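Which chain is which? They are A, B, C and D, in the order written, and residues in each are numbered from 1.
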Amino acid sequence: MRFFSDNAAPAHPRVMEAIAAANRIDTAYDGDEWSRRLDGAFSELFGTEVRAFWVTTGTAANCLALAALCPPYGSILCHRDAHIEVDEAGAPGFFTGGAKLVLLDGTGAKLTPETVAAACDRIRDDVHQVQPAALSITNATEYGLVYRAAEVAALGSLAKQRGLALHMDGARLANALASTGENIADVTWRADVDALSFGFVKNGGLNAECLVLFRTELADEIAVRRKRAGHLLSKGRYLAAQILAMLEDDLWLDNARAANATAQALADAARQRLIHPVEANEIFIRVTADEADRLRGQGFDFYDWGPGEIRFVTSWDQQAEDVDRLAAALAAP
Amino acid sequence: MRFFSDNAAPAHPRVMEAIAAANRIDTAYDGDEWSRRLDGAFSELFGTEVRAFWVTTGTAANCLALAALCPPYGSILCHRDAHIEVDEAGAPGFFTGGAKLVLLDGTGAKLTPETVAAACDRIRDDVHQVQPAALSITNATEYGLVYRAAEVAALGSLAKQRGLALHMDGARLANALASTGENIADVTWRADVDALSFGFVKNGGLNAECLVLFRTELADEIAVRRKRAGHLLSKGRYLAAQILAMLEDDLWLDNARAANATAQALADAARQRLIHPVEANEIFIRVTADEADRLRGQGFDFYDWGPGEIRFVTSWDQQAEDVDRLAAALAAP
Amino acid sequence: MRFFSDNAAPAHPRVMEAIAAANRIDTAYDGDEWSRRLDGAFSELFGTEVRAFWVTTGTAANCLALAALCPPYGSILCHRDAHIEVDEAGAPGFFTGGAKLVLLDGTGAKLTPETVAAACDRIRDDVHQVQPAALSITNATEYGLVYRAAEVAALGSLAKQRGLALHMDGARLANALASTGENIADVTWRADVDALSFGFVKNGGLNAECLVLFRTELADEIAVRRKRAGHLLSKGRYLAAQILAMLEDDLWLDNARAANATAQALADAARQRLIHPVEANEIFIRVTADEADRLRGQGFDFYDWGPGEIRFVTSWDQQAEDVDRLAAALAAP
Amino acid sequence: MRFFSDNAAPAHPRVMEAIAAANRIDTAYDGDEWSRRLDGAFSELFGTEVRAFWVTTGTAANCLALAALCPPYGSILCHRDAHIEVDEAGAPGFFTGGAKLVLLDGTGAKLTPETVAAACDRIRDDVHQVQPAALSITNATEYGLVYRAAEVAALGSLAKQRGLALHMDGARLANALASTGENIADVTWRADVDALSFGFVKNGGLNAECLVLFRTELADEIAVRRKRAGHLLSKGRYLAAQILAMLEDDLWLDNARAANATAQALADAARQRLIHPVEANEIFIRVTADEADRLRGQGFDFYDWGPGEIRFVTSWDQQAEDVDRLAAALAAP
């Protein structure tokens, strides 16, 4: 029973159907009919004109965005547990040409205007120190916490005031929005987000993510950088079709709601052991080594997350009986 | 009737089936059962121990290889019409951290030991000039010509003698081998090729290419560079499954043979107009502007290739009646 | 008797005096009184507001400028014999983060609007090909030819029209201006040059060159890039003092006139053998291997420049009797 | 009375004489007689075969070394107050092509084997996390503390065991050795240091620093990287001559002893206020804002170093009466 990553889940049947339907002759790269529909579909979703670029990984989406938002000689402020810092093999340094990540603290991997302002204030404004150019936040965070629209707006307002671009790593944005029920526009461009990595792979997609630009004037540069990084697939229609299928009838939200509901059930069962509030689809709990062994002995798969801590991640497709069993096990370990 | 690129063709049904069969839970990234079979499958194919890495584009395969074979301060010798020079948006410069392409001449985009040796000889051996570190050839070439095993071996031998690593861009290696019937080992590692970009997407794949390392000691570095470039997909099983399907029962060769046969039929029809011998699946012919217009008027899609020249590319799935029509049109334009 | 490079010449006594005069306590980096006078001194010289940055090499001046004028994903058009291409160890690739040099032909290493326009026209305007962002010319050229103001203006006008920034490598700009007597403003910013590498080291300096920005809005970026490349010396006053000494009473022009006059004397003696017209301080002549040996036997130092060709470079300090001897030797070799 | 930086001090008379003596014709770049003596001079000093490269800044020395010791996809462990992190404008990222600095804690900017080992242990050994490749320490540290030979050896031994290269930023190595009286070999290569940035500019030099390689097999790469970064000066003799003058009769040690003695005098006077032990030529003390104002009012120049903290740095040339005055002022502020 697999609870170690939403990356392990299969693709949703409607995504598979969309791929099959796209399996016919069309123009190469992103000139096909599916790819050409992306800008419109996302502009409608966000209620403003955006430019949307399919890519195959969140790392590519994040780092293409950061390369356009931060010069090689600038820095990007982020949480010290941010995916771009701890799980992307230094990709931000590669894509930006050597820009620096400045690591901030914050409970549950969340940043606040205070910590961001303090970090900026510590940097002398001279040529000897790397000047900050961008702020990157993850929503939901690496610990499954959710930024509300007002929180993002406060960060966005500060970013603007300090001359920082704002990037959102939304690998689990669907889970965040399914959690709060807030409007996607309020959490992104209305809160001054400049570029969004919109995740689909963890949420029922096969291998398509989307980089959404609210600063549409960056689109030409992103198009070139995507190609130059080897991320312009020659048969892009299979990616675009996946994404369109995810958007259709809000499949992305339905899938996230399913994963979140499962997470809540597990959180309820493990209430006494929670390390972080469970707001999206990740559950971090305290266990002894014996308890962890026992859970594994019962057939549950999960990650160790530091000494005495384990992580469960729920997916759109989690089987009800697996969830019930795990809930029971967590309630009485 | 589409003859402008093999990138436009659909994926082969057996590839689609393989993707569907892989649509179940498994470990993320490349820990799944399909990805773990790749090294073995390619080692068997090549008759020697190799390491194989799925990626989604030929650009990624080429440039990851070049980054491992050439330091940032070195240069890569290639033909001036090589894909890495003219169609990858400067990706070699990005992946290598600024290495230089040195552009050589040669009929039909083929290089010879003489041109390579002469290029090396022109470079002063001091710190003011960029020293060559690698040689990259494309097989079949950008003009559809094929390097025979002996030709590659001659280049490989020279490369070794000059201290150059040898990379082969095999976006259409299948077509090359289908054309000559030579052994894949003879054209690659036995000819001193160090790394091969093995193309599948133009040949019936959906979005999986493969980087094959004959110098297996580079595998760890390539694994890191792939991740760092955003090319380690989180659900790699869908790529590995495609590639395994292509290898099974030599589907890759069958598809290439089909495309080549079509190309030969067209070449026969356009014999008087051929700019290059047709050895794989590309046909370059001389036409007047009027003739080109007339062909388009008849519903044929193709690329202009400089003044008075057009290019047709054939795919594994070309419809016999389309081919007959085009052959007729070319015979009497 | 040394005629192989103007880099071998000693520093001018007034430069040495300036260094000695600067040998006292002052603020570090470029906050000292000499460095703070540079912008004003060059603004006066050019008759317009400029920003001036000392650096220690022409490579640094050239490549800092190019990095600010060309994005990592762009290209720089230059002559195939340009110093940035053949003698800077790939520094443009390093400083720009992987931008590409596109190599053009032209007699005597000079470019014309026609060759530049043709090169631009050959580049498809899509994401697969690297788009040109800058044009770099060398004045005097690597073969000692001089661009007149009208020639630069024609290139500048084309560059503007094509959206290219214009950089001038002026390692020997002093010799060029000493040759034509033209106005320095006419050959640079009035001809749409955006950034100039103004050479002093080959012309009597010790180790100070100057990057002059006519697009002053790039100054902040250049200041950061200079520091980041390790080129912000902690005791900058010794560089600034050299440059100010060179500007004072037009020492830079006097030195160049002396070197040019020597070159003319040698050119007169070798009139029948000249490969290029001698317009500045370089003389390229045809000789047999025997003749070259004989010249060396007589104690003359010079470079071989390809088979049957040798190069002499004259300096500000050349001894009259050495020049007479060499002239005699060249007249009757 | 200037106590804000040893960068502000003039060059030593013997350095000036050496420059004047080098002001004659010689071969360009590093082919001159002074440059060719460097390897030998440093090999003798260190008692082992080394390769020595002049450069003009500590940033260049540090970052050229790090680029050769750490791949673009690796990381460098250093103190969070290390000069390479806080005062080089991101140069390590630029020179390495995007490698990452991992920031460690430690009193007085010193690292210990324990903190280094713990930092390594926190890094998962997989492709998602950047693997450490090098360790960089500063001696004397940014707070004027000194690593003893045994301390460096302990770090060197750990580095070896963990597969890390060891770099020493010795901008003030002279002050460190003048402080401990230890042998220069014991503090460097015998303690497994691979590359040393040997500072001279803060210690009486004009603009020459030296990168010393104990791993001589890296010399060819460093030579190319130096050129490629624009740091191969065309008249290198003026740099080499400075360095040779500093080595002659241990001028470098004498100068450092003078600066250290001054620092001790000030430390004695400010004993109650010291933030760090004074082991080299830097004094950090606690003052109120009023006290700082009063000191400035008396004509003393120094840096603020955070709230309630100020820094004095002493130089080889400090005037005895200035020192007496400052000591008096510090004793009774």
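By our rule, a residue touches a chain if its C-beta (ideal position, glycine included) is under 8 Å from a C-beta of that chain, and two chains touch if they have at least 3 such contacts.
Computed from a predicted structure; not experimentally measured.
Chains touching both subunit B and subunit C: A, D. Two chain pairs, A-C and C-D, are weighed by contacting C-beta pairs, with C-D ahead.
For subunit C, the chain with the farthest CA centroid is A. Computed centre separation for the pair subunit A/subunit D is 42 angstrom, with centres defined by C-alpha atoms. Subunit C and subunit D have CA centres that are 34 Å apart. Averaged Cα coordinates give subunit A a centre that lies 50 Å from the centre of subunit C.
The set of subunit A residues that touch two or more partner chains comprises 72-73, 88-90, 94, 97-98, 127-128, 224, 227-228, 232.
Partner subunit C is touched in their complex by these residues of subunit D: 2, 5, 7-11, 16, 19-20, 23-29, 55-61, 63-64, 88-91, 94-95, 201-202, 206-207, 224, 227-235, 238-239. Of all residues in subunit C, those touching subunit B in their complex are 72-73, 75, 86-90, 93-94, 96-101, 103, 127-130.
Per the touch definition, subunit B reaches subunit D in the complex via residues 71-73, 97-98, 127-128, 131, 221, 223-228, 232.
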